[in-house]
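Below, chain A partners chain B and then partners chain C, in two separate complexes.
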Partner chain A sequence: MAAVSRARRVRRQLPLSPWLFAAPGLLIIGVFILYPFVSTLVNAFTDKRTLIPGEFVGLANFRELLHDDMFWIGLRNSTLYVLGVVPALVILPLLLALLVQKNIPGITFFRSAFYTPVVASIVVVGLIWVWLLDERGLINSLLEAVGVGRVGFLSDQWLLLLSAMAVTVWKGLGYYMIIYLAALANVPRELHEAAAVDGAGAIRRFVTVTVPAVRSTMALVGALSSVAAFKVFSEVYLMAGPSGGPAGEDTTLVMLVQRTGTGLTGRVGYASAISVVVFVVTVALMLLVLRADRRGEA
Partner chain B sequence: MTRTRKGELVLRYVLLLAVLALTVGPFLWQLSTSLKGPTEDIYSSPPSFFPRHPTLHNYERVSDTIPVWDYAFNSLKVATANVVTNCVGSALAGYALARLRYRGRRAATLAFVLAMLVPVEGIIIAQFTTMRELGLNNTLVGVVLPGCIGAMNVLLMRNAFLNLPYEIEEAAYVDGANVWQRFLRIAVPSVRGTLAVVAIFAFMGAWDDFLWPLIVLSDPSRFTLTIGLNYLHGTFAGDERLVAAGTVIAVAPLIALFACLQRYFFRGVGEGAVKG
Partner chain C sequence: MPISRRTLAAAAVCVVLPLSGCGSGDDSGSSDASGKIEGDITFQTWNLRANFKDYFEGLIADFEKKYPSTDVKWIDQPAEGYADKISADAAGGTLPDVVNVSPDLVAPLAKAGLALDLDKAAGQYRKEYLDGAWASHRIPGMSGTYAFPWYLNTGPLFYNKSLFEEAGIDPDQPPKTYDELFTDALELAKKSDGKVATLANVPTVEDFGRYGVPLMNSEGTAFAFNDAKGVELLTKYKELYDAKALDPQALTATPESSGKKFLTGAVAMNPGSALDLGNFKKQAPNLYRNIGITDQITSTGHVNMYVMGVMVNAQTKKKAASVAFAHYVTDAEHQMSFAKKVAIFPSTAGSLDDPYFTKEDGTDETRVRIAAAKSLKSAVNYTPVLFSEQMKTALRNEVAKALQGKESPKEALDNAVKACDTLLQQQG
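Coming up: the complex of A and B.
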């Protein structure tokens, strides 16, 4: 009884203040996230340009996509990016977490050092690797010194894409390592000890004890990294250049959105249609990974 | 038994050092390149890892080539503003979602969850159009605004407030404290840890951001560091020493920040991942 009247008094006392608290946040996400999201969905069905309002054109943009070679190149590269980057980012950080899990002297230094690439801006990381992979850069100098000869990491279409993927993995290792460390802390020690007593070796224990125990974390990392990989922009933009490498063959979907939609002659409507494809694939990837996880548990 | 233990330990350290070389080595190589003078060969094979006559000459040249300190100051302004708005805005909104009772609270929470799920890369063109309609493109305010109260930060703060025991605030209420007093004197001081995480990731996010400033800024006098570096790379691509010095200027402050505040960085990953 007393609690009810007290709650009522609380409500009576502050008719407006809840909205005053929430208003700045709601205003910002409303104007700069939710409204642009809805207008992207709407613009995808118009021929809007940067300086021209445009008219409703139905599915014309999407029909044009089907015949646009650049769109298919972008879709191919963004998809390849997911396929190349995600398995590496699900497995390598887990191995790294196992390596730094044990509290041996100096381990906090190593954990922090492995996290450094996460802290650096993608622009810094991209430019560091552009120099490392340069025709005359460190890696080619080393390759030449051991007799392999120089490799055109940044001039061949496929090597470029592969190099960009390697950079993405390099920058993401530390981030996902921390996520795995938190998950590994919850794996009961007894499981490992029991398996060891039963004579299971390190690899066997990894497969039968560690992997099942961190399975849902692996799905989470898979979801996070696949969504991020499909939306890749900066690494490829910096390493292949704004036009996307030789003949634009390294263009990714988000690069295409940026290139198509900006500038004075930007085709906002068409760029929005590509964005809609990005939305749909992103949501699909998330659902796919999380569903695979649920099935794995059942 | 002890011998295999020792062997395992040695193997562990060997692997740790190998990964260390792989993750930190590239930064050191960049630093080394930036310290090499104009007469030193930076392309030699086998490579020389240490500059023979270390010099700061390249850092002077960067500031002669692009207004790098202005760019750094712009980045600092953007990052600081992003920290302040995110801390204040997400603490206020998080408190409203966690503690205050009002019609529409569920709808408000849903709005923040939806905003968190929207992939930013997909809406940049529409954001740019909105910014142009507001007359804020090509300004630093325009760089800050879209992310100035991050939906994920709001939800992080909401969870932090939800985890506080309600009884303390109830006691304060009985003592006659109004909602602002309870918020400022009791709730906020109790979630300082989460607030620190929000602050650090807001700073790092703004300092490192590339795609959005690239789209919204067109006037080279207003560039942030990341956009300035991209410009430097695009215009003076052949001058490796110059680009190396520029990247060191851009990354050094963040590495220093990270060295001082590591545990908040690590906590942020854990808290962010659960929500993500």
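Coming up: the complex of A and C.
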């Protein structure tokens, strides 16, 4: 009783103390997240340029988007990226986690090896893959040696996009593998043992025991990877170049934001409108995945 | 509680007053640079600290010694994202007093009232510079000149003699005209079964200019590179692309990736400068032994040159010191001493007649330097100052469509001109 009244007294005497503790975090969120977000939202309805303050133009930027071929190319590529990358990043890391889950001698080496691409700089990774996939790179030399001939990984718009997706998957495997490893550690061993006693093989046990047990984690990985895939920039920028591949056909929405809104002649208002679209789609994607998970649970 | 009209008016004034201050000029926006040379100023360069730290520290120390009441703070920015850094500073009101710029960076800054008109503020120095160099920082549609010309650069066309020889082309007779270039390129591709391309880059606006295509109308209000000559050049490039005489990866190439292709012998010709000879010697000794050097190919008789400038922030509070320092960096004496440290060329009148740029000493480096200095006397900066990064991308993408056969060369150039004109109008 005395302790409670002392706590009340302290709270009365220091009404601001919780806010003081939270202040650094709130300040960072306010300056680096809230302010830019609100500012982007406001700019989307103006014709602001880098050096010229804009005027309110209503929905003009959004109307222009509808007639901008490059916007539709960006939307197409970002959507394809989600469709190509997300299933791979939901399933492959799970299989990888199952592989390295067992505690056998030397397994730490493989866990670290699979995680290495995650910590590598995306610029370095991108440049290495550009070198590997070049017309005269290692992969094309091997293909030529076995009689397949050279493949234009970096000159064909679709192969370029696929190559960038492959790099994203390769780089993300280790990260999601760690998340799955944590989830798999919580799957009761008895369930597997019971299924085995009932005569279930490895594949059956994977489908009926492992997958339901890590279902929520799969939804989380799906949500995280779909948001990241829709906002892809670095891989495509590094492999397709600043102009977004041949004739800009590999441009993604975030690349378009960068290209349109930066530089001394950047159209900040128009780029903000594209950013708002990216925001809306990513939130919708996340909600969609989480809702699908909730339905599955029900 | 009802809000009184007076309260509303006061609130409106509070909101509107700070907004009305945005982007407005003040007294510091005038072009008067007279007065005592004193005060603290900042000087920003473009990726020069790594190799020329001693030179610039010495230069600044000498200036401060000459004008003891001044203090110059030197900032160097990396090459990557330089335009974005200037954009952020300009938008945030933290643009340094004296800034190293290229003409295409000056244009939007001048339009936003952030670059000082040197015709008014420093017109007395105009005669010290080459006419063409001084004119390179003029903006169509505006009167005035918005940066001191600094160093110039141009370079020859390098070619791989052994690749020419393997294709049965006389390596001592490199192409001198566009027709010869296209003929040799097709021959090289044919003989190598499409494995060796002659060129690694799609045509840029400079290429159209060098081919003799008018880039803009005389008023500088619209682009014009979609004329018959422009279509002719793009049609030739399409022929090269189909025959693999233009590298298949040219559609996504950058100057760096093209340079690497030349180093590895995947491409037979590449533009460069005297600086590249050192790279060839170090990174590709085999190529260096077989290197051929020829002049830039041009239909106009004028080679392309790149111009660097030094602008003064129109909003600086230390105009006299800033103008004096910008002139000090770019005057004949200091440009000459800088040119002796690196393969660049001064933009000051008479400097290119210095024996350093005219007297042979038997080395390839000197031969390239002398040839470049000679060609610079009549060189042209073909890149229109209003040609923004967005316009470069628009042109590049349309050119790529023509090369891929998705559009005819005429359609592609018409679309590129339309896109660039729209961007030009949006620039204001």
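Keep in mind that, in the parts below, the second predicted complex is superposed on the first by the 287 of 298 C-alpha atoms of A that agree within 3 Å, B and C clash if a C-alpha of one lies under 4 Å from a C-alpha of the other, contacts with A are read in each partner's own complex, and residues count from 1 in each chain.
Please note the rule applied: contacts are C-beta pairs under 8 Å (C-beta built on N, C-alpha and C of every residue); 3 or more make two chains touch, one makes a residue touch a chain.
Remember, it's a predicted structure, so these values are computed and weren't measured experimentally.
Q: Which term applies to chain B and chain C once both are placed on chain A by superposition, clash or fit?
A: clash
Q: Regarding the shared-chain residue A:R136, is it in contact with chain B (first), chain C (second), both, or neither?
A: both
Q: Once the structures are superposed on A, label A:G266 by its partner contacts, choosing first (chain B), second (chain C), both or neither.
A: Once the two structures are laid over each other on A, A:G266 reaches both partners.
Q: Look at A:Y115 in the shared chain and tell me whether it touches chain B only, chain C only, both, or neither; answer first, second, both or neither.
A: In the superposition, A:Y115 touches chain B alone.
Q: Quick check on the superposed pair: does A:A182 touch chain B, chain C, both, or neither? Answer first, second, both or neither.
A: First partner only, chain B.
Q: State whether chain B or chain C is in contact with more residues of chain A in the superposed arrangement.
A: When the residues of chain A touched by each partner are counted, B comes out ahead.
Q: So, does A:L154 touch the first partner chain B, the second partner chain C, both, or neither?
A: Touch status of A:L154: second partner only.
Q: For A:R49, using the defined touch cut-off, is the partner it touches chain B, chain C, both, or neither? Pick first, second, both or neither.
A: A:R49 sits against chain C, while chain B stays out of touch.
Q: A:A97 contacts which: chain B (first), chain C (second), both, neither?
A: Touch status of A:A97: no partner.
Q: Which partner does A:V236 contact after superposing on A: first (chain B), second (chain C), both, neither?
A: neither
Q: Going by the contact rule set out at the top, does A:A247 touch chain B (first), chain C (second), both, or neither?
A: second
Q: After the overlay on chain A, which stretch of chain C ends up in the same space as chain B: 128-136, 146-154, 254-262 or 344-352?
A: After superposing on chain A, the clashing stretch of chain C is 254-262.
Q: Show me the chain A residues, by the header's touch rule, that chain B contacts in one structure and chain C contacts in the other.
A: Overlap of chain B and chain C footprints on chain A: residues 50, 134, 136, 242, 262, 266.
Q: For the complex, which residues does chain A have touching chain B?
A: Its residues touching chain B are 6-7, 10-11, 13-14, 17-19, 21-22, 24-26, 28-37, 39-40, 43, 50, 96, 99-100, 102, 104, 107, 110, 112-117, 119-124, 127-132, 134, 136-138, 140-142, 144-145, 170, 173-175, 178-179, 182, 220, 224, 227, 231, 233-234, 238, 242, 254, 257-258, 261-262, 266, 268, 271-272, 275-276, 278-279, 282.
Q: Sort out for me which residues of chain C touch chain A in the complex.
A: Residue positions touching the partner: 22-23, 83-84, 86-87, 90-91, 105, 108-109, 111-112, 114, 247-249, 251-254, 264, 266, 388-390, 393, 396-398, 400-401, 404, 406, 423, 426-428.
Q: Which of the residues in chain A end up touching chain C in this complex?
A: It is residues 49-53, 134-136, 152, 154-155, 160, 240-248, 259-260, 262-267 of chain A that touch chain C.
Q: Given the complex with chain A, which residues does chain B contribute to the contact?
A: 9, 12-13, 15-16, 19-20, 22-24, 26-27, 29-30, 33, 43-47, 88-90, 92-93, 95-97, 100-102, 105, 108, 111-112, 114-115, 118-130, 145-149, 151, 154, 173, 178-180, 183, 204, 207-211, 214-215, 225-226, 229-230, 233-234, 240, 243-244, 246-247, 250-251, 254-255, 257-259, 262, 265-266, 269-270, 273, 276
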